[in-house]
Amino acid sequence: MDKWEYAESIESDSIVSIQSKYGHFIDGKFSTPNSKNYLKTVSPSTEEVLASISIGNEKDVDKAVNSAKEGFKIWSKTAPSERAKYLYKLARLIQERSREFAVLESMDGGKPIKESRDFDLPQVASNFFYFAGWADKLDISWGTKEMKPYGVVGQIIPWNFPLLMLAWKVAPALATGNTVVLKPAETTPLTALLFAELCEEVGLPKGVFNLVTGDGTTGAELVNHEGISKIAFTGSTSVGKYIQNAVGERDIGLTLELGGKAANIVYNDAALDQAVEGVVNGIFFNQGHVCCAGSRLLLQEDIHDEFINKLEKRMQTLRVGNPLDKNTDIGAINSKEQLEKITSLVNDGVNDGGELFQIECELPSTGYWYKPSLFTNVQPSYNIAREEIFGPVLTTLTFRTPEEAVEIANNTEYGLSAGIWTEKGSKILWTADRLDAGVIWANTFNKFDPSSPFGGYKESGFGREGGRHGLLSYLKVRS
Amino acid sequence: MTNINEQTLAAPFTWASTVELLDGVKVDEIGVKERVSSLSTRSIKRESKLQALNYIVSMCDLTTLEGEDTEGKVLQMTAKAMRPDPADENVPSAAAVCVYPSLVSTAKEIIGSSNVKVASVSSYFPSGQVPLESKLLDTKYAIDEGADEIDIVINRKAFFEGDYRKVFDEIVSLKEACGDKHLKTILEVGELRTYENIKKASLLALAAGSDFIKTSTGKISNGSSKEACLVMAKAVYEFKESTGFSAGIKVAGGIRDSKDAIRYLIIIKEELGEDWLDADYFRFGASSLLDDVLKQIRKLKTNAYQSSYYFPRG
Amino acid sequence: MTEIKKTYKNYVDGNYVRSESGKTYTVQLKSESYELPLTSKKDLRDAVTSSKKGFDSWNKLSQYNRTQIIYRLSEMIEGNRDSYVEILLDHGLTKPAANKDIDNAINTIVWYAGLADKWEQLTGNLNPVVGEYFNISHQEPIGVVFSLNSTEVSIDKLVRSFLPALSIGCSVINLSENNAVLALKLSEDINNSDLPSGALNLLSGNFSNVLDDASRHVEINTLVSYKKLNKEMLKIINENASTSVKRIFHLPSEDGLSSILPFIETKTVWHPKGR
């Protein structure tokens, strides 16, 4: 028994009001779907059904795309400063209703309220603020003679940061003059549906933003629709490859933000205590459901034992539990399927010969949960060192020289992110120059900002989101 | 965990081992700030809040170190330390009172057989800008007057001149002068400024035989900070890993209210562990803090906000 | 009942102050005349002291925060549109012209608000130097800027005379002459905004009274005039400025990226890349 246990400090869910059934948001309003099929969205921490969500069919997608086409006619004639103002207003409303969005996000997706409140929602608002400011200054953004929006863009987003991924997609798309058909993830549609209400409230012209919910079939309809001029997808590498293939020779824009298996390199001259924090944050933040998670710990051999001791001690203070408890650090695994995947990969790791450390904690009796886990004694050939687990599981490998660290880090088909821990500045720059990763964090990890471009090398995808470079994902540029 | 008064450090740590300890010190400032920021989001409510507040009272060193202190002032404060809330017997007594050496005997007069300790400051607190001999005399006087605990200041002049050996040797001598009395070494983190300096000074003080390391004298505008406390906790942890000795931490100077004090407790609990949630291992140097804590305790029990005039002056 | 007449004062360090000289000058509008502070050398010096502190406070905020503060100003002006229209009418503009001016001013503020957290991405860059070196040119706001408003009766022109410098992080001392009532009216909304004290000081008066001090004061880092100045004035300004290598700009660009270039200082940092 703990000497001093933290009492539960539950964020009330009374601020949220969830309907029992939702339609789609098309042409500036909610409407009844053509599709008669519904799926249930469930709270992964309690397994309680939250709402019935329409599985949009071909007709629903078609209606949305046509609405976006009509919307584009209006939006193209809207002055850039007016586009900016719509986005600023959305940013404001998001700030005002932050608490409501945060609670809803935690209920629908399982992430701790501490994160949705302190990380997700502020980032969502800042993305809208940031891109609002580009809308009226595209002419100076790249110094090119011609910058044209694509037209109707189809956007498919994942379940790990539902509202934030929506912001990363919708804000730049609208700022640059495109209109949107968005399909949120199957397991996390609720904050997107609430966002649609805000669009109605600010009077966003009809058809500029459209929302069609559904599953993989809905996404496929969207990708294959002839009326789409560009697709932006964030999700698994396997689906990304399918989409790239499906798009084929069609002359449409495509950006992909896929999976990762990032290396977090800890040199022996790192500030070890802070490196431990960074490594913990890198893999356990958001239950490890992060494409850029630092899932491979690359430790210089001579500090291995000392580091692992500190790491295990630190992991033991992580609090797993009710996402709505303000003291929870690690929330629920997003779905039963994901939990099964994690469990299976961890079993592979143990069978292959890896040594598994899991923290001691009580897991709630309902819901999907996984204890923060650490593998040591792992060889680069094991599955757990190569496959993206997308859960709170860290795999450790060792290296002896900086060249080796770089080699091991790059020895993957992924290339989204990487971490470098050393107090030596020149070594940071030397290493960063040699890593095949789109985002490199030195002496820190999982830092995001709307002004900072994000995206991958190799099979982690192409295109960047955020920053001045992020604009290029939504504009056709010619000199 | 062994009672702090029963632990002894093998002898002190040699200078050679100390140098090794200091050699690897690397601290990233932003990382420290982020960790503190994250721990500050802990939400402590209801029974866990009451528990925390009671801990804080029991960890308070009620302090008065003013040129204008008199026997009357010290008697009032000591009485308050012994019984902070006369209307509520469940509120524990404070850990200690902290007074200048000339007022130690006054405090002892009224303490009697109570568990409240009498701590004093020496080594030419707060600046320490005198030769070692003067510091030893100062310390001896306080011990002779009956102090149970002595708070000394490190030699910052030597530290900033790069003479770590001198800093170390002085503490070793002062510890010897204290005999079996508990020694707290004040780092004055507000002057040390960088986290690397704070960590080095912490390790130096621990290696030289300090029982406690303390953040501040409370006499300069930059007192304690949660970041400094975190860095010191890391030093205490590392020292324990090397030697088996569990040192204590005292935070002083600028901890105004209960909310802030609870944040310090969270840092100690999550960084060092629950064994440190004990007046033998953690202290708050306080004056106005105690009143805020008493108000909060009364509020939790009665559900009404309080005013200071409900509690005796001290 | 006798109407209480409004008094306009200088807006310095978040406070409303008269000129320490006690002197005023008259601005005659359609409805009535106003006595405005005739800013003296001492007033200017006080404003500089305030602007120095204001620069620190303004720069402690994140660029994102500055974006929000400037954006909010546009919301406030939109909310007080009627009173701005009234004052422009009082200056002799027609109603449609007044509304157009305010529309423009709002769009200008929105534009600069959105620039506050992007200008570095447009002006800074990595330099491909020869050798194993990381080399980056990074921009900083120059500091305290003295700006002279044009004589045009326009809120849009007024905001263009301080927003470029302000949006990138400088603190600004802005002087208006014949059209100062507009500036001092605007100061009310500035005062209600979250702009830290000293970030923007609005003064009224005659430039020739402070020309010498403004161009000589070492703690004014840049002097910019959006009003056309005569040869004699320019000569004095340049001579004075040269004593401390102060930066001077006469009629610089008033929009687009070029409008912020006068207020930027470039810092280039090198670092080796090696194991």
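Per-chain numbering from 1; labels A, B and C assigned in written order.
The working rule: a residue touches a chain if its C-beta (ideal position, glycine included) is under 8 Å from a C-beta of that chain, and two chains touch if they have at least 3 such contacts.
Computed from a predicted structure; not experimentally measured.
A centroid comparison over C-alpha atoms places B as the chain most distant from subunit A.
Remark: the per-chain Cα centre closest to the mean position of all protein Cα atoms belongs to A. Taking each chain's centre as the average of its CA atoms, subunit A and subunit C sit 41 Å apart. Look at where the CA atoms of subunit B average out and do the same for subunit C: the two points lie 50 Å apart.
Chain centres here are Cα averages; for subunit A and subunit B they lie 45 Å apart. Those residues of subunit A lying in contact with subunit B across their complex are 2-9, 114, 118, 269-275, 277-278, 317, 326-327, 423, 443-444.
Of all residues in subunit B, only 26-28, 30-32, 34-35, 41-49, 51-52, 55, 234, 265, 269-270, 274, 277 touch subunit A in the complex they form. Across the complex, subunit A is touched by residues 64, 67-68, 71, 107, 110-111, 113-118, 121-122, 132, 134, 256-257, 271-275 of subunit C. For subunit A in complex with subunit C, the residues that touch the partner chain are 81, 84-85, 88, 126, 129-130, 132-137, 140-141, 402, 425-427, 429-430, 433, 451, 467-468.
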